[in-house]
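Just so it is clear, A, B, C and D label the chains in written order, and each chain counts residues from 1 on its own.
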Amino acid sequence: MSDNTLRVGLVGYGFMGRTHANAYAQVGHFFDLERRPVVTAVCARNAERAREFADRWGIETIVPDWQSLVARDDIDLIDIASPNDTHHDIAIAAAEAGKMVLCEKPLGRNAAESREMVDAVEKAGVANMVWYNYRRVPAVTLARNLIDEGRLGRIFHYRAKFLQDWTISSDLPQGGEGLWRLDVGVAGSGVTGDLLAHCIDTALWLNGPIDSVSGMTETFIRERQHNITGKVEPVGIDDASAFLARFGNGSLATFEATRYARGHKALYTLEINGEHASIFWDLHDLHRLQYFDHRDEGTTRGWRSVHITDGDHPYMDKWWVPGLQIGYEHTFIHQVADFLAGVESGTPAAPTFRDALATDLVTDAVLKSATSRQWENAG
Amino acid sequence: MSDNTLRVGLVGYGFMGRTHANAYAQVGHFFDLERRPVVTAVCARNAERAREFADRWGIETIVPDWQSLVARDDIDLIDIASPNDTHHDIAIAAAEAGKMVLCEKPLGRNAAESREMVDAVEKAGVANMVWYNYRRVPAVTLARNLIDEGRLGRIFHYRAKFLQDWTISSDLPQGGEGLWRLDVGVAGSGVTGDLLAHCIDTALWLNGPIDSVSGMTETFIRERQHNITGKVEPVGIDDASAFLARFGNGSLATFEATRYARGHKALYTLEINGEHASIFWDLHDLHRLQYFDHRDEGTTRGWRSVHITDGDHPYMDKWWVPGLQIGYEHTFIHQVADFLAGVESGTPAAPTFRDALATDLVTDAVLKSATSRQWENAG
Amino acid sequence: MSDNTLRVGLVGYGFMGRTHANAYAQVGHFFDLERRPVVTAVCARNAERAREFADRWGIETIVPDWQSLVARDDIDLIDIASPNDTHHDIAIAAAEAGKMVLCEKPLGRNAAESREMVDAVEKAGVANMVWYNYRRVPAVTLARNLIDEGRLGRIFHYRAKFLQDWTISSDLPQGGEGLWRLDVGVAGSGVTGDLLAHCIDTALWLNGPIDSVSGMTETFIRERQHNITGKVEPVGIDDASAFLARFGNGSLATFEATRYARGHKALYTLEINGEHASIFWDLHDLHRLQYFDHRDEGTTRGWRSVHITDGDHPYMDKWWVPGLQIGYEHTFIHQVADFLAGVESGTPAAPTFRDALATDLVTDAVLKSATSRQWENAG
Amino acid sequence: MSDNTLRVGLVGYGFMGRTHANAYAQVGHFFDLERRPVVTAVCARNAERAREFADRWGIETIVPDWQSLVARDDIDLIDIASPNDTHHDIAIAAAEAGKMVLCEKPLGRNAAESREMVDAVEKAGVANMVWYNYRRVPAVTLARNLIDEGRLGRIFHYRAKFLQDWTISSDLPQGGEGLWRLDVGVAGSGVTGDLLAHCIDTALWLNGPIDSVSGMTETFIRERQHNITGKVEPVGIDDASAFLARFGNGSLATFEATRYARGHKALYTLEINGEHASIFWDLHDLHRLQYFDHRDEGTTRGWRSVHITDGDHPYMDKWWVPGLQIGYEHTFIHQVADFLAGVESGTPAAPTFRDALATDLVTDAVLKSATSRQWENAG
């Protein structure tokens, strides 16, 4: 390997493993980098699938477990794309081994786990980041820029939801390959840590800290067969979760996530209403930003559907020509590019582990409120 | 007046007075009626404006106050389109005088007032109805029909919001002509009784009773000049109000209303997600219903934008030809038509005063929860 | 009748008769008028239907034929809402009798008929207007205002289409009640005179004269049973019609109309692209105007969806409050209001018969070009 | 190089060169291939840019001209992504050298050039394909599948347009780096061969052969500075082009392309109306297909917005999970995958050079008709 290579050890070869592998493969084709990342090793729970994955992505080495990966000298960065229950131990071991650490979201299964992970990377002084990829949708980045420029003025309202429909069937098992998100032991929680966590991360980034929340959760299908035990077992995760929130800046918010919203595959939407302007975005048309500016002249004032494909839109000078849209996977490429730029410049790219802990504090408060049936502090 | 005339005495000549007068004028042009309503008298707080109103709508008589209107023998029905603080006394007096009573929403300023109004009309045995007009948007009526037919299956989620932006300026006064909705003494509450009440009425109709709620409210601009006193006074209304809810059928809900959502004039939206199908509707395109049916074949399954202008859509056989849309005012015409049909058939048209009381019980619970910071029962 | 009444004699009680009757009934409720129009007589081809129509709209007199109507002294204005083959004779007789004349579109079945009608009203010096109602959609009027203000700059492109799907079935007969639009003898032409005529009228108003056209037409179903003869007969109308055009201002255009576009009930769309800005409108969401202004700042530039419901939008100060939409029928109300204002002010409201003749010259050129298979002048 | 590598020699490193390089790099990550393509050499007009391009994409060899590339033994396939005036000579030389040949669209600058290219590849018996990439948008492929299954029934209408706005400024030069599309000598024609060619290729694929056309073209800005000569020179290309067409299946069509449609960056739209169903697609939201099926039940019939991200949509099993969209570049990846599968199976992937010649015959007919001002045969 040449000097300018950043050697990545990847844990996980499922859906998220693929998005990360693709990001490493593609980032150098479109961004100017001092060091090009190369996935040099992947670790195997299932040797056959690991082999197939390694072949597809040109990965030289397969190791039998994450411990072996962390122990290698020829790895600069450990990237954790495995189920939630593995994040804590791998991240801490990697930090202690002096590796940079990237971790899929949510950071831990709860804030307690996450706090230990934060401590580990900060003590080790290693570069770290959590894969809240939706910050790097160009439309969402543009939203942040508009807010930073003060275009919206005082913020009154924030609302976000993340709607899916893939668990409505009661025949769907919990647990096992591809279904660990239904197993509370592995996932930590249901949609709260999975989908709401995305909504919260973006919200904290766009609108600042959340003070307090009132939440509710529901498990619509309360027993499912467990793929690993083979038995019908109680379902421990929340199928749906919603909460009211008050932000530190005085704005009010509603948040909701569910896997029981028929007709929506991955409908993450967010809207923010300010004194002068409002913004709306949704993941099903991620290449558009809806923008309303009350300062526009009255008769022609309306919501603008901005097609985020021009060279002056965030990240879009790296891609094609105006009018030609990018997709979901590009958010990961942007995030790798920003991470690498952060390493180069010494200004870490967000969200760091510490940034991501803030999200876990909110999700913990939501789950606590759903039980206590009263408002809880989110800080 | 001929025998087949229903003589209406109208209280109020503001925005709502106009929508009602129009409904009485138009209903006979499009619906087949045994008795045609005619507004025969209007009562005057401002004599000049009442004169202008009467001229415009061909109303023969102007009386000086609602008491005179209720006392007349040549009036069959009292229609209350005046501010909220007048509803209680007029409705009870009209019922005691044996008149039919129609009342603008919300019924009373709170459930206590509303309960006395219900008692009065039921004791008097007079026909009664509350103007929750959005039930009669053809798309919303169709939504109800689809639900009744079982198309959606088990319901998981309901969400509604009503967003406006007309009170964002701190220069806007509270109270006086056209601004009584900001005066808590007149209105009873802010957006909770005004906008959320619409959302709740529709929700109860489409999705059944609400068991419990957790609410929050906010007054963003806490002092405004009062037009009547001329002084800067504390604002007593809620500018924004949101709540979580659990319905009796096990579904979860989020509700929100505000007058601080820049870019939205009257964006009432509702969505309902069932096991098999989902429905979405919004007031800014009231002539469309969005419908998703999971039973459609996979590759061509998608949200259907149904243009509600065909002869087999509710009420639409009365209007033009397919493709040609109707507007806001038609909902009132439909409601008068249904009220008259109810009088003819003996099956009262909904929502009666008793139906509308259910909404007030929910709004009261939301306001109580916003203070208690815990869940409250809504029954 | 009082002095301030304008007495209307209405010919036709079908779909168009209803829209006109409604316009006369409603205009005074919303617009300030010196003279209020009242339909005082209607003429009967079918006595029973005329009676029902007169009852519904409060029309005092039924006369047996249009000749009797024109001959009456108590009629100020003849309004022609009967099939196309009657327009010519009635309009000329009415003009000669000194009546004001309003005529449904198209003016004549061809430009030759129309020219005689223009001559008649101009010779008689009577007020006249043709019911090209879509000019009075508030969004379309706003489009005209924006063009007049120079917002668009030099115009490059105009495109319009009017798509319906109601004649796809080969079982549909031609001719008879409600089906005369398929009978070429009555209608004059098919979609060219019916739907394209609307597109052309608006285009001439928004974009100035058309110099030349290249057209094509098609009759997809070439034989249909005729309801009156009872026989299967050749179809004489054009089912679909499209043409290329060059405007006097140098812009290029495409126009298309059909009754064979599955999924579209009355989708009239128009778009105009200028150097600085573009406009799009469609009849299925008639209360919106899409507006793109290239002078907006780059990163937030996008098509604006303007909800045409504010008080500063054309005609909308007469209706409800911001956010609440009007519908199809209101365009006729606006047109009556403008006609009456024109009579009062002495500046005739457009389109006059002469204005409407320009449209017929274009439709004639389109039909000629479809036969000659070459470009034809449209002037 | 291993045995299972397909060695590509790439001509061109501009916008199209990047899309092709990306396709070769990515195809093996997502598709199962017998032979993985590797770009082994690129040829240089500008040595510095070629070096940068080669570094970015990991290309080993840079050769000084296309002749050197064609002459190499270690190249299996020549891919032509250079300006239009180079296609003819390179393709013929490559075919004669026994290489597979891929060529950017349009094939030649006119049908005469294209015919010679077809003859060359067919005589040489080498695999060949033209990069009409929009056939491989999953939504467009799905449209083709639906048509093939007979879902639409008899076809009545086809309409397509491709709207851009990037040449409106008169300050834009013609010719030179990135601007050769304005130089008629290089490009052959303006939007007709550039944008309309895309529309025509898709149309021929979806709707069969075109019989005859009536076209018009315009050059709005008739003189521009030429970057290479430095002089103000007449503009030879067509800025806008539109035509009427009749297909062999009896359907009618309108086509239009322009670079003067303010507000549209790359708005390629197509619609097809059949007896039973209709389809609409646009490139600005390429991940959606609009589908209307008249056989749906009446009250809930509407245009379905199908989010083409499910595993049973064309190509989408190769990508992410439902709800997560892909973008523009993926169409090229799909096309490489199909080309390689065609080579493996012996059934060539379309469009071959011969298929693409059919498009050039139509564009030639359009340009001829624009001059002759009459209909021209397109076969």
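Everything below uses one rule, namely that contacts are C-beta pairs under 8 Å (C-beta built on N, C-alpha and C of every residue); 3 or more make two chains touch, one makes a residue touch a chain.
Nothing here was measured: the structure is a model prediction, and the numbers come from that model.
Ranking every chain by how far its Cα centroid lies from the centroid of subunit D, the top place goes to B.
Sharing over half of its contact pairs with A-D by residue number, the repeated interface among B-C, A-C or C-D is B-C. Across A-B and B-D, it is A-B that has more C-beta pairs touching. Computed from the mean C-alpha positions, the centre of subunit B lies at a distance of 55 Å from the centre of subunit D.
Remark: subunit B and subunit C have CA centroids separated by 36 Å (rounded to whole angstrom). Chain centres here are Cα means. That of subunit A falls 42 Å from that of subunit B.
Residue positions of subunit A touching 2 or more other chains: 264, 303, 307, 310.
Touching subunit B in their complex are the following residues of subunit C: 15, 18-19, 21-22, 25-26, 28-29, 56-57, 164, 166, 264-267, 283-287, 307, 309-310, 319-330.
Partner subunit C is touched in their complex by these residues of subunit A: 142, 145-146, 289, 291, 293, 296, 298-307, 310, 312-313. For subunit B in complex with subunit A, the residues that touch the partner chain are 156-157, 159, 161, 163, 165, 168, 214-216, 218, 220, 240, 242-244, 246, 250, 252, 254, 256, 258, 260-264, 273-278, 292, 294, 303, 373-375.
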